[in-house]
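In the two complexes below, subunit A is the common chain; its partner is subunit B in one and subunit C in the other.
After this line comes the complex of A and B, so read on.
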């Protein structure tokens, strides 16, 4: 049922974002702190083995929020650690996430070449 | 400390310029110039801030027919690190220059220093004022604008505007500064930089109440007591503080705030405007024109400033604030 996929993506994705909004509005967290907490939380939940079921259920609802970056860090570290021992924790962390980090740099660079930042106009 | 100026230095002319978004301001029609490009056609926002200051000062000179060499002192400040926009603008203005940092209270602290130099006989003409540039200040104090960071409803919107005045010897045709109160630094332990109205209101209360006490005046003696950028919430706190010490509702209505009114009721500007250009552009356009037209006879301009930096906030320190006041009259 494709409709159920959409529904769970909406609910889980919305729930993760709502937690972030509560951290900012009620917890008075800065955007930087909120971001870090979400990444660390995603990483810990992933280590406990709970994040993958969330992705299976909600798809993009769980992979798009920043918590999924924490999940990728943990999974990369675990996978490499199984192959190469403790040193794999260090080499593995950015193995899965490297494409995300590199594309942030590459697309950021392209956007900076093509566009000029502007303030609010209306 | 309340200073009484025996020679009543006058505000000979004033100029206010603003950025493109400030077309939305309720004070728009009082500004001398509103630029189309938010960077004033410069490469960076900071260079735009420099141009904005230079343009305001040039308008000031054009209004009076004076040459820049006639200016004895240039006293001004802004909110960028080391106040480079003002420092860089000063190299064009070529007058003796003192950069002043009272954060958003610089509009008034610069006028106080100009009045002191005029009383001393050291200055015939002094330019005083302040400016702020939204994009440059957001980068300085919070996040670069393209980061698109959210702000809570208590936060305020830094204006892109500059206001400058020419202070000279007493002239009964112009508004004159009869007294001033230099603010103390007040800190009630408020730590939230997105709620600065609450941090600054006690400083405004302290300066206003001391000014009235030392001058043996009442709130009613003024047509207007206008704070700088307390914003909508900060103004309510200030009114409440005065109401609790016996001010009537009618007296509380004499209090207004440039930041609270600046963008009208538009909710996208949150709790109102802020920035050193906020009080400067409103005081030195709207308020002075109302004095000249005779609608106001005596006003108290109380510019408020919060004296924190991004670093002190990150280190968990509270926000010390100040407020400086000038009493301006029209004969």
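After this line comes the complex of A and C, so read on.
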């Protein structure tokens, strides 16, 4: 059922964003603090082994929110720790996540070349 | 007394945060962005033979590419004012934080301006993500080697 697949992506993705909004509004947190907390939460949930089932259920609904960043960092570290023990915890970390950071850097540089600042919006 | 008076007046004047409305906006916009991401996932699975396990990486890269276009034309900022966390929490919001900082500091030059300020907003996400991943993996390694849990 392809429709159900998209529906789950919408609902789970929306719920994670709604949690972020609650942290910002009710907890009176800055966006930076909210995102940091969500990344840490994603990493802890991943360590408990509950994030992969969420991805299996919701697909991009779980991989697009920033919590998946914490998840893939943790999974990279755990996967290497299984192979190489103590050293792997440090070396494996970016094995899975690299695409988010590398593409942000590359596209950020391209954007700096292409676009001019329109002044601060906020 | 003066301080109390001030607080009271301040409370009356500041508009109340429309909690429910904000959360609903974040839910719908965030859900929509994830649905677009899911469509991209299918695109990569069907046309480029990625599996469901490996498809996360190209999807994230594509979302950040789209975020670059929207940020460059000033549209993502407008979306952010409407949706709040709905546009900040998805990975395109992470891209937006990096890319908008890069564009904004372009006038200060490429090394000190773009290079030095690119991760000004998004750096904390990387810092806390990496640190917590390190701690979680370390705890798990200790628990496994002492025989409390299995991998």
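Simple rule for what comes next: the second predicted complex is superposed on the first by the 118 of 122 C-alpha atoms of A that agree within 3 Å, B and C clash if a C-alpha of one lies under 4 Å from a C-alpha of the other, contacts with A are read in each partner's own complex, and residues count from 1 in each chain.
Here is the rule we go by: a residue touches a chain if its C-beta (ideal position, glycine included) is under 8 Å from a C-beta of that chain, and two chains touch if they have at least 3 such contacts.
Being a predicted model, the structure only gives us computed values, none of them experimental.
A.B. asks: Looking at the overlay, what does A:87 touch: subunit B (first), subunit C (second), both, or neither?
C.D. replies: In the superposition, A:87 touches no partner, neither subunit B nor subunit C.
A.B. asks: For A:117 in the superposed arrangement: first (subunit B), second (subunit C), both or neither?
C.D. replies: A:117 contacts both subunit B and subunit C.
A.B. asks: For the overlaid complexes, name the partner, subunit B or subunit C, with more touching residues on subunit A.
C.D. replies: Counted on subunit A, the partner with more touching residues turns out to be C.
A.B. asks: After the superposition on A, what does A:100 contact: first (subunit B), second (subunit C), both or neither?
C.D. replies: Only subunit C is touched by A:100; subunit B is not.
A.B. asks: Does subunit B (first) or subunit C (second) touch A:31, or do both, or does neither?
C.D. replies: Both: A:31 reaches subunit B and subunit C.
A.B. asks: Subunit A residues touched by both subunit B and subunit C?
C.D. replies: 24-25, 31, 117-118, 120-121
A.B. asks: Write out the stretch or stretches of subunit B touching subunit A in their complex.
C.D. replies: The touching residues are 19-21, 38, 134-135, 143-147, 149-150, 152, 160, 192, 268.
A.B. asks: Which of the residues in subunit A end up touching subunit C in this complex?
C.D. replies: Spelled out, the residues of subunit A in touch with subunit C are 2, 5-6, 9-18, 20-26, 31-40, 42-44, 46-47, 55, 58-61, 63-70, 72-74, 76-78, 81-82, 85-86, 89-90, 92-93, 96, 98-101, 103-105, 107-112, 114-118, 120-122.
A.B. asks: Which subunit C residues qualify as touching subunit A in the complex?
C.D. replies: Residue list for subunit C touching subunit A: 17, 19, 22-35, 37-42, 52, 56-61, 63-65, 67-68, 71-74, 77-78, 81, 84-86, 88-95, 98-99, 101-107, 110, 114, 118, 121-122, 124-130, 132-134, 136-141, 151.
A.B. asks: Any idea which subunit A residues touch subunit B in the complex?
C.D. replies: 24-25, 28, 31, 117-121
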